[in-house]
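To keep things simple, chains are lettered A, B, C, D and E as they appear, and every chain counts its residues starting from 1.
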Amino acid sequence: MDLTTLAFYFFAALTLGFGAVVVMSRNILHAAFSLLFTFFGIAGLYVLLFADFLAITQIMIYIGGILILIIFGVMLTTHITGVDVKSGRTGSIQLGGAVLVTLALAATLIIIATGTAWNESPAPEVTSTAELIGTSLLTRYLLAFEAASMLLLIAIVGAAFIARKKN
Amino acid sequence: MEIGLSHYLIISALLFSLGLYGVISRKHAVMVLMGLELILNAANINFVAFARFGGMNMDGQVAAVFVIILAAAEAAVALAILLNIYQHFKHVNLDEVDQMKE
Amino acid sequence: MNFPILTWITFLPLAGMLAVLLVPKGKDEQGQELSKTIIRWIAAGTTFLQLVLAIILYFSYDTALAGVNDLKSFQFVEKVSWINAHLPMVGDINIEYFLGIDGLSVPMVLLTAIISFLAIFPSFGINKAVKGYFAMYLLLDLGMMGVFTALDFFLFYIFWELMLLPMYFLIGIWGGPRKEYAAIKFFIYTLVGSVFMLLVMIGLYHSTGTFNLVELMNQGNFMPGGIFSGTGTTLRLVAFMGLFIGFAIKVPVFPFHTWLPDAHVEAPTPISVILAGVLLKMGAYGMIRIAFPIFPDAFAYFQTLIAWIGMISIVYGAFCALGQHKVGKRDFKKLIAYSSVSHMGLVILGLASMRPEGITGAIFQMFNHGIITAMLFMIVGVIYDRAHTRGLDDFGGLAKKMPIYTGIMAVAFFAAIGLPGMSGFISEVLVFLGAFKTYPVLTVISGLSIVLGAAYMLWALQKIFFGQLPEKWQGPWDPTGRIYKTDDVNLREIVALVPLGVLVIFLGVYPNPVLNLMTGSVTQLIELMKPFIH
Amino acid sequence: MTHDTLLTLSVFVLLTPLLSFMINIFFGNKLGRLSGVVGTTILGIDLLMAALIAFSKLVTYGGEHIIQTRFEWFSPGSYAISVGYGIDNIAAIMLMVVTLISFLVHLFSTIYMEGDRRYPKFYAYLGLFTFSMLGIVMANNFLMMYIFWELVGISSYLLIGFWYEKDSASNAGKKAFITNRIGDLGFFAGIMILFMTYGSFMFEDIFAGIASGTLPFNNPTMLTLAGIGIFMGAMGKSAQWPLHVWLPDAMEGPTPVSALIHAATMVAAGVYLVAKVFWMFTADALTFIAIIGTITAFVSATIAITQVDFKKVLAYSTVSQLGFMIMSLGTGGYTNGFFHLVTHAWFKAALFLAAGSVIHAMHHAMHHMHDHHSDPQDINNMGGLRKTMPWTYRTFLFVTLALAGIPLTSGFLSKDGILAGTLAWAKLTGGWHWIVPVMAFTAAGMTAFYMFRLTIVAFHGEPKTKIAGHTHENPVRIVLPLVVLSVLSVWFFYSPNPIDASVGWFHARVVQPETAVPAAYQWEFLIQDHQAAPAENHGSHHALNALQEETHHYHYLAMFLSLLIAGTGIALAFAIYQYKLISADALEKRFKKLHTFSYNKWYFDELYHATVIALMLAVSKAMAWFDSVVVDGIVNLSAGLATVAGKVTGLFDHVVVDGAVNLTARVTGFFGSRLRKLQTGNIQFYVVMLLLGVILLFYFFV
Amino acid sequence: MTDITPFTTHLLQSMQAFVPETALIVTFLLALAADLIWKKQRHISGYMALAGFIVTGFLLVQQQSVTGITFSGMLVIDHFGIFIKWVILLSAMLVVLFSFISGELHQAYTRLGEYYILIVGMVFGMFLLTGASNLVMIYLAIETMSISSYILSGYTKFVRRASEASMKYVIYGAVSSGVMVYGFSLLFGLTGSLQLHDIGAYLQQHSVDNLTLLMAGIMILAGFGYKISAVPFHYWTPDVYEGAPVTITALLSVASKAAGFAAMLRFFRLAFTAPFTAVDADWTVIGSIDWHFVLAVLAVLTMTLGNLVALWQSNMKRMLAYSSIAHAGYMLMAVAVLNDTGVAAILIYFFTYMIMNLGAFLIVQLVADKTGSEDLEAYSGLGYRSPLIGVALTVFLISLTGLPPTAGFIGKLYVFTSVISAGYVWLAIVGVLNSVVSLYYYVRVIRNMYLRDVESQGSKITFTPAVLALVLLLAVPTLILGIWFGPLVDWANLSMAITAFH
């Protein structure tokens, strides 16, 4: 078992293990912090997949941005001191449905993942993906890039409006 | 055993399912949002893995970049809306926000 | 023909409707009454003009020309391109404003004009939302007339659907206690029928590239590969059944008839008159104008089934009418409604026979049933207006109180049971003769209606007119004498009823004026169908 | 008088009564009591014209089969339907019968109906009836026949139910009409068979078609069936068993109406029809006719014996006599059957008018005594009328003799012929057919018995009630018709020989027509020896067929037997009711069951109520229920409308009905509200459903 | 360094085709600025938006000649897209007009700056979606319009149910788009491309695993299905439609659906069918998955559920929500035939649907403003209390039912024509039976307006002439299109070909 393999299993365990904690923990703060480790594990997987730029983006945006946002959300919508932190699950029938549906979907996806002849080809050696991604974003994906900025603008205007307390 | 594409895909599938489970089963809306993030991350693992094993196809990584951007925007808007819900209900338990039905 | 008489006759009601809508509302009490009167007379005038046009049309109609599937021998044809658009895989959509009449439609046009005009008189009794009532009435008139004059399937369909909404309102707003139920039931039933028609229309269009009903009758116009091309294919059978059910619901025949008793019971008198007098005829008309000649092969396939349906309707309707005897509220209108099912079953049986006598009889029966049932409903209306009940048990001995009424009533009742000397007899005999040639056994069973018809009609006659007058009706109908000055029918009612009675007797003795209209067309229709009938 | 004149005049004869109808229906209220005068006058004119025609036809053109015309009425499709009218010898005679009796009834009614508030209407209906009846007489095709047939039905409906305030009267009218319609159904079916085969309604076309060997559906049975169908029409009108039930009820109508309709004309229409289309009956059809006639004659005779209502006795007697006529025609005795029709018309009309006279007198007496409860028609309330109403009694007695078949009366001539005919027929056909003459003779005997029972109980002895004692003879306008009709029942009007009708003009003019039916399907003895056109060998005995020969052989035997039996019957009646040698009550007790059975008319009404009518009502109820619950229910179910109309009693109990409604509601609920419940309002549930959707779609399409 | 000259040339060309969208961006920014500058002006951004839409309209007319694949295959500009853009633009303009008179919005706010701005943003997202031909682009466009609509549906944030609607919308939308993105990733894994054309080309040349393709397809359909509210991805629709302001509900029900259909059709045309097919022929579906059938099943489910549940609704907005689900089902029938006739039918249907549905919502808005209720009961006697409104609503509902002589009939006529001429008779039969069911709930409203409360007749409700003019602006075309629809068909006929090749 080489190092890559070991690293893979480590990051995979990190991702899935904390992922499980995220969705199962009764304490919302535990969940939020577990999410951090999940994202970290994913970033590790990206590295293993030669996506260095993405790994860094993952850490910066997710951990630095989204997760902070979420923790803010937790703070603003939960009485930290109260019992509320321990958020329950929904009703048992629905929970049963959730388990079933999730398991069915997971099984199906795994069957598909392992059984399919994917479009695979040997990867050329790449040193840094940042340049390639940058070129892509400013050439082929220029429109998408610009549209994304527009989207962010809309999101800012909208979120700001909704989150404002008074008109 | 060589770590191949399917390993990543299985991780992604499991993460996707975990995310869905979170969305479905958690009462607290913020936890639901966390589940959503897991879903999007699962898709991203797919994109990146396919990019890697499909001959370093950068399209996959670019797609993942966009997904991350959108996830951020979505999270922001969703949290803003949650705050608004909190104003009304004094909680964000999704199963109790069901005034409109049938 | 320079004067577009068919357009006039069809769209005159629309002009009348606009005029009605433009009548301003008087503000004070007196002004309001005035506007109601003006509206009523506008409607009467419009329909009267329509009747005049129909009579002119009747006298200038050339009975020598056959029509049916021969474009050249249609009369008063008006043909203008209306919609012209191209679609892939479907080709050019060519919808024409195409009106014309032949022997199959002339009697119906006449009938529509007569009934529409005469039903105005009972409408004078309507006092609620008069403007809306007459506007809807005239819109309905437009739809009915359009159905009988249109020769383009698309146009036909539009007119066909156009009547639904006015009819819904007329039953629903001005109807009886369960009007909402009856109105929606009517609406939904008819719509079920017409959506199938829509599908077949589209399919036909896809197969031939035309909506022209006359060209659709030419099997040569079906393009190879069209879904209705070929003969006797399953799809053609299905399409025929779709059309047939669509029309059968309107007729209505068993088992699609249950909307009729409800609609009749709840509808106000003039609307019952129109419903029975004209609307039911549209179904049977659709069969001979569209379903049979376009799908002769499918007709041949289903001929026996159709005859069975006709027979069952005849007997079933009669039994149900008789069943009013014991079951449920004994409602006069319901009785007549079921008798309509029975009488319209005769039409179906006649059509199924595909014999000259049968078809002629069927069309004539449509005409006669229109007139006779219109009379019957007006007659019900007369006592309903006075007594505010139609329960057969609530009456008795009216003959003593209302002798003239009884006389008119007797004519209508005897006409309804097919008494010789009345027009209904001729058509019944013709239908039976024609049907007997093709389906002897079914016809003999249908003959049961001769007995049953007499039974329920005479039973009703007895219930209402004979025996002792109940205590509560001993006095005058209207002690104040404001609305009804006499106990017997008033002038307005006589004006509406007597022409129909005269027509019934006249056509019973001398049916040629109507029969001659259709002989040529009926022969043509049978010639068209003959090659397909084994 | 040329043919054309004769035909034109017939049109006038036909339409004149219609004129009376029109005048009286539209101007009756203005005319008031004058309407009777108007009606009677018009009928008088009509009678004169009819007499002219009858004379002309029977004397001048007696040898010609028929004087007729045809024209096209209307055209369904490519050909036209022909109709027409014509006068043959039997029509000429019938014209006289109808117009004369109608005239006399008009006259009679001027007194009898005097006090009625709808007096003009009564005359209007009489006019309409006469018109319709004349139409039947003149029709030379099935279509016209059927049309006037129905018109007769409707006018008799109006007349029977004339006193519609009484439920029994309007019920009787309805019953008459509907029972007739049942027969008409067969009639119409027969017509349809014939029209389909021969393409025409004209008698001549159809008979020519049959003679040429064309058969309906190429099947002789169908010709028989057509014949039986036509005969069913006759069964209805002529009140043959089992459709005879309407006639006794029809006595609810005013008595002159009974005389006109139920004695002389309408009920004769059936017999007339059978005579008119005698050409087309096959052997099987004739046998059927004979048997129906015999049963009718016998059954109704037994019923008549025990009835106590004056008019009911006469009614059953009428039914019985009609049975005789039909039986005669069925056994091939064409001339005698028709002869009996004519003679019976006179004396039965006389009997009914006499009954009317009695009832009128009884009414007056009751009115006088302020008695409104007694039954003026119950013979047990009468007695001794011989003294108070001598003219009525005399005429009544004479026509009773005629009905009983005593020599010197017309009734003897005709009935004797019939009985001889049955013997001859039984001999020629043999086997169980002998039952026909046996029953016929028995019925003849019973006729004599019950008629004399009636005469004795009503007229002889002391008045049984005070009312009877206070009766008085009626005025001349009532008595005159009685006298005229009685006189017409004397033998010499028909034959110079009081015991042999065959030498008279009637037999000369009413000749049995040659059958059109192919020989294979007809009695051998009905086929004449030589094939000459019937018009050329009228009025002579040369064209006798085997049956007629045989009838002659039986003439004297029949005469002897019938006299013996009738005499016995009369003697018995006198013994029981006049001289009380045998106690009627004792007999009644002794034969309690038989008496009850007869008194209740063999329970035919009850039987029909329990079977046919009950079945009809059950079917109609079931269908109405089916309609309002099942058909509607199915529709409501599929349309998603949860309404089922109609509370149904009797057939299905509420559990079933409610169950059906609940089922409807439940299924509807499944469609609409169940799907609606999926929209729980819980967003997470929505997500579950979304995923479930993905999974299910995936596995569905795999 | 690669030579970027060809790229810049292409970019400049692309920008030409991007003019209307650019106009929208400019409008967005200008409105944003104007809103900040003139704070007192209540509708300033609304006027800006309206002006911007009109300009965009003009530019769109000019576009008619500029078509092609732009931005390296990110966006396709073709007549099909332009037709849909017109539907989007017109409905957005109408909704802006509705908003000017909406009492619901004005009760809560003195200014509606962000409201109109977000509408512009949403229109921009829809324009992008209409032309998007790259998976990333599709995702991005969907998110752009979604994020705007999340906010807009909760715009009246002091209203509890609006907030609830917005929350449900955002969660459901996020899950749906997450599932869709996962589907995208699977498709990417199968074909190695994000470009729809390339995916199509790849699928045509290689045979791929059906199971996976099906899973990817269904997951992607979940995304589109969510946008067009197709069963079983419709759950958000009733709640959001009920909670959102009427104007936004109207916009969602027409414009957003139109964009969803456009993207879906383009996706199927480009990715799952062969690019070159004979004129007037069915598109050739690549692979052995019967997409016709999949879509037909979705269509049947969608219209049946929509109609059956609509029967039970008593809230007008909610009823119209289910009705809009049903209409999506009718249109899905025409998608299922997967040919140009079907596209033309959808275009015609959409145009008519836009007019009648907006009309219906407009009246719901007017009535809600006057009576304070969206309940069916509020409509009792409306036909007498306000005759013109009553007649107009009757026309709209009849049109929604699909009876002649109204525009809705024409839409149905062409949809059924396409379905029947493709041979799907069973589907057509299900479709017409559904429209019969729909009659029942539409007529229920008419019943309330005319058959109920006739006697009392309530108090008269009056409206300003401007409002009535707006109503007529929608009612009259509904009738006219019912009897004179040649030009519409011609236009749809010109626009039905979806650019399917490079």
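To be clear about the criterion, a contact is a pair of C-beta atoms (placed from the backbone, for glycine too) under 8 Å apart; a residue touches a chain by one contact, two chains touch by 3 or more.
Not measured: the values here are computed from a predicted model.
Here the chain-to-chain distance from subunit A to subunit B, counted in touching steps, is 1.
Here the chain at the heart of the structure, going by C-alpha means, is C.
When chain centres are defined as mean Cα coordinates, D lies farthest from subunit B.
Greatest centre-to-centre distance from subunit E is found for D, with centres as Cα means.
Of all chain pairs, the one linked by the largest number of contacting C-beta pairs is A-B. Taking the mean of the C-alpha atoms as each chain's centre, subunit D and subunit E sit 78 Å apart.
Averaged C-alpha coordinates put the centre of subunit A at 100 Å from the centre of subunit D. Taking each chain's centre as the average of its CA atoms, subunit C and subunit D sit 38 Å apart.
Centroid to centroid, with C-alpha atoms defining each point, subunit A and subunit C lie 70 Å apart.
Shared interface positions of subunit B, i.e. residues touching 2 or more other chains, are given as 9, 12, 16, 19-20, 23-25, 29, 32, 44, 49-50, 54-55, 59, 62, 66, 70, 73-74, 77, 81-82, 84, 87, 94-95, 97-102. In subunit D, the residues that reach two or more other chains under the touch definition are 639, 641, 676, 679, 681-685, 687-688, 691-692, 694, 698. Subunit C has residues 184, 188 in contact with two or more other chains.
Contacting chain pairs (ordered by label): A-B, A-D, A-E, B-D, B-E, C-D, C-E, D-E.
Looking at the complex, you find that subunit A touches subunit D at residues 90, 94, 97-98, 101-102, 104-105, 108. Of all the residues in subunit B, the ones that touch subunit A in their complex are 1-3, 5-22, 24-31, 33-35, 37-38, 41, 44-45, 48-56, 58-59, 61-62, 64-66, 68-77, 79-84, 86-87, 91-95. Subunit A makes touch with subunit B in their complex at residues 4-5, 8, 12, 15-16, 19-20, 22-23, 28, 31-32, 35, 38-39, 42, 45-46, 48-51, 53-54, 57-58, 61-62, 65-66, 69-70, 72-74, 76-78, 84, 87-91, 94-95, 97-99, 101-103, 105-106, 109-110, 113-114, 118-124, 126, 129, 132-133, 136-137, 141, 144, 148, 151-152, 155-156, 158-160, 162-163, 165. Remark: subunit D residues 639-641, 671-673, 675-676, 678-679, 681, 683, 685-687, 689-694, 696-698, 700-702 touch subunit E in the complex. Within the complex formed with subunit A, the subunit E residues making contact are 2, 4, 7, 11, 14, 18, 25, 28, 32, 70-75, 108-111, 114, 117-118, 121, 124-125, 128, 134, 136-137, 140-141, 143-144, 147-148, 150-151, 154, 157, 166, 186, 189-192, 202, 208-209, 211-212, 215.
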